[in-house]
C-alpha cells in the first residue's frame, strides 16, 4: 500500500512538510500501558501504541490488505489485530499472523514503522528516513522533567490553522498586547520593545525587554510599577518553541523570577495543528486552565480566521507586509523553507 | 497582500464578475453611525464602516500584515484597529498607526479602498477601477426615497444560488403561476400572457399584460373579475431590477393603481447572492413579511435546488431549453456576458 | 440539457461506471401507485414514478428548461409538472404541456427516459444505450418471488462507500470471523477454509466449506458441534450478489438446510452505494432487523473507514496486499474493469 499522505493543499499540490525531523506525536501520558490510539500527523494516519512493559511505538494506521484503520482493532500483548480480516501486526509493523488459507505471510505484509523516542514526557516520532533519525537532535526540554510524572500538567489543543501560522503566533509575542490584552494584561509593552532576533544553527531566538508595570501573569511582581521584564522565544525546526520569561524589580537582583514553557506545533494536516504546551515547574498546574482558555478562544479563533482569509494560498503568495516584530517568525520560516527545499531535491 | 478573491468555481476557474459596476453592498440602515461590519461581495471580504459623522466607507477586510479580519477589531473615531497586532487604518484604507518598533509606516501598508456612494437608502460600492466610478451610472431608484427614513422597510436575504439565477427568477415573473400559486394566487395569467422584452442601452425591460381576476396582492381590486393587469420588470447590470405593476378595472381609468419595488442581486460568491428588496411607498411595511416568507421558502428553496442540479456547470453549458417567457432573462444574460468579456480583454 | 453526472472523483476524473447494465434503482414496494421519488443513481438525478395503473417508469429528474427537480412538482395521471415554470412531462420524458406563450413544444423539450423493468420485486433501470437493454440479462433472483408481496421483507441502506468496496465485502465472507464475530458468531471458520473462486461468463462464484460448530444464524443446527457448512457467493456485474448457504449434520443428509439471500450494490455516487438486500423465503422477516443492524453498524462503519483511508485514490493505486480470501473479489474487479474499459473505447 502506498504509505503516502492523502490530503492535498487546496491548490492541488501536496503539502510540503519537513520529513527528516522529530515531531511530538503525543504526550506520553496520553497513551497508558496496554492502549493504542490513532493520530493524523503530517497528513498521515498513524497508530500509537504502548505495551504493558511501557514500550511505545508508532506504525502506519492503515492495513495494507483492505485499508481498514488498525486503531479500530484489538491491541493485546504488543500485537494489533486488523478489525476487518484479522491480520495481526507487531509493534514494528510486521505482519505476524495471517488467518487466511495457508497462513503464508508475504514479505510486503507490513506497515511503515516510525522511529519513536520518549523524552521529556513526550513521544517523538521521525517521519523521514529511519537511518537519519538521531535522538540527539531532539531539542533539550529537560526543564520539563520533574521527579514524578504526577507533577506534570501537559496541555493539548487541536488548532484549526497551519502549524507555521501557529508558530508565527508564538514567535511574535507582541500580539499579546492586542489579542490577549483583556486576559493577559499587556498593553503595548511588547509591541513597543524592539524585538531582537538571531539565528543559531537551524534555531532562531528572539527577545523583548522593557521596563514598566508588572504583567498579570507575573504574580509576585504584578502590583509593582517598576519591573524589568524580559521575554525570549527559541524555535527549533519544525515547530518546537520555548518561551523564557524573567522579571525583576529595578535595582533588586534578588527579586529575579524565571519561568519557562514549551509550545510545540505538529502539523496534523496542512490546515490543522496539534498544539502541545506545558509550563516548567513553577505554577505549572495553575497555568494550565488559563492557557487552554486563552489558546483556544483567543489564539485559536484568530488563527482560524487568518487561515480562512488566506484561502488556499501560501504565506509568501499573500505578499505579507513585514513589520519589525516579524523578524523571528520570518527567520524561522526561512530556515524551514530551506530545510524543506533541501529535502525535496 | 493580494487583494483578490479566494473562492473558485467548482471547475477551478475564478468566477467572472463584472467589476466596473455599482453594487449594493448593504442597506444604509444596516450600518448605524459608529459601527462596522464585514460582508463578502464578489468573493472579496469587505469592511463596511460608518463614523459618527455618518460618513460611510468600504475597504478590504483583511489586514495586509498577518491577514486577520479587520472587522474583528475595534472601530473608533473613524479608525479600525487590527485585532491581531494593532495596526490602525483610516476609512480610506491607509495605515495611520504602527505600534511596533520605531513605528514607521511603509507605503504599502494599506488595504484597498472601494468607491462608495450612499443613495436611495443603499450603500453602493464599485469593485472596479476607481477612476471609472461615476455615480451617474447608479440606476434611478428615487421612487424609494421618502421624506423620513422611518418610513423605509428594506428587506434582505442571503439566497443560496448564483446572482444570475436569482435575477432570471425576477426577469421571468411567470414562475409565480406555479411556484407562488398558493401564496400569491396567480394561476396561469402570467405564463399565458406573451412576454415582450426589449433592450435599451445596457438595460432590459420585459412586460406582461392580461385581463382577468384581480390578483391576491392587488388588494383594492382583488375581488373584481374584470381587471386589466400589467407587469414590467426593468433590469440594469449587474443585477438591479425594478418591478412595476399597474391594475385597473376595465373601462375605469380612475381605478388605476400603481406599485413598484426593487429587487437587487449582489453576488456574495459564485453560488450565493445578497438579495436586497423593498417596495415603493404604498403598502411598504405590510408587504415586507410576506416578501421575506415567499422569497426565502419558495424562491430561495427553488434556486438552491437549481444551483445544486447545475453542479459546477455554467448556464450555457447546461444547454437550457429556451421558452418564450425567457426572453428578458436571456437578453440580460447576453448583455452581462458581453460586458464581462469586454472587461476581461 | 446535458444529462451527465455532475459529481467527480476526488482526483478530478469522472467516476467510471458500467453504463450498459441493469441496476436496481429501488424495491418496487418503495414506490406505491400514484407516487414519484427522486434517487441519485450512477451520479445522475433520476425520477422514479408509478401511475395508478401500477406502471413504473424512470426519467431524468432535472427539467431541461431551468433545471428544477421534477420530483418537487406534482405527479398526477402519469404526468409530472415542473414546480418552477409548469412544463409537464409524461412517463416517457416527453414534454406534453408548455403553458407559456403560444404553447409550442420544441422537439428537444424532453428528459432522458431510462429503460425500466420490474422483476423479482425490484425496479431495474438501464443507464446505457436503450437499444442494448435486454431484460434477459437481469440476473435470475426468482428465489425471492413468493405468492404474495405481503410476504416480502426487502431491506435498504445507503452505504457510505464505493459500491465496489461494498461488493468486495460480500465477496469475501471471511470478514465475518472478525467484523461480525460478536453478532454472527463465526470465529475463524471462514478465514480458515480455502476460498475457491471461479469465473463463468462475466459472473464470479466463490465458495467456502468447513466442518465444525453450527453458526449462530443456522438456528436449527446451531447447538450441534458436528456441522458441515457451505457458503457460496455469486456475483453478476455491476454489483448483484447471491449468497447461498447450506448446513447439514455430519452423516445425516436429511438434516440439510438451505438458505439464500441477495445483496445488491447500486452506485449512488463514486463514494456512496444503494444497498438492497433480502433473504429468500425462510426466516425472511426475522432476519431483516438483524441484517439492518449488522450491515449499518458493522459493515457500513468499516466501509466508510476504508473509503476515508483511501482518500481520493483508486483501489489498484493503493497497491493492496492480496490474500487467498480475496480471490473472488479480485476476479469480479477484473471483470468489471474490463467491461468498463470496453465501453469507454
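Per-chain numbering from 1; labels A, B and C assigned in written order.
The rule we apply is simple: a contact is a pair of C-beta atoms (placed from the backbone, for glycine too) under 8 Å apart; a residue touches a chain by one contact, two chains touch by 3 or more.
Quick caveat: nothing in here was measured; it's all calculated off a predicted structure.
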item	value
Chain labels contacting chain A and also chain B	C
Chain B onto chain C, rotation angle from CA fit, given as a multiple of 5 degrees	120
Classification of the chain A:chain C interface as same or different, half of numbers criterion	different
Mean-CA-position distance for chain C and chain B (Å)	46
Centre-to-centre distance between chain C and chain A (centres being mean Cα positions), rounded to whole Å	46
Sites on chain A at which at least two other chains make contact	none
Chain C to chain B touching residues, read off their complex	1-2, 6-7, 45, 62, 64-69, 72, 81-86, 98-102, 106, 108-109
Footprint of chain B on chain A - complex, ascending	168, 172, 174-175, 177-179, 188, 191-192, 194-195, 302, 305-306, 309-313, 317-326
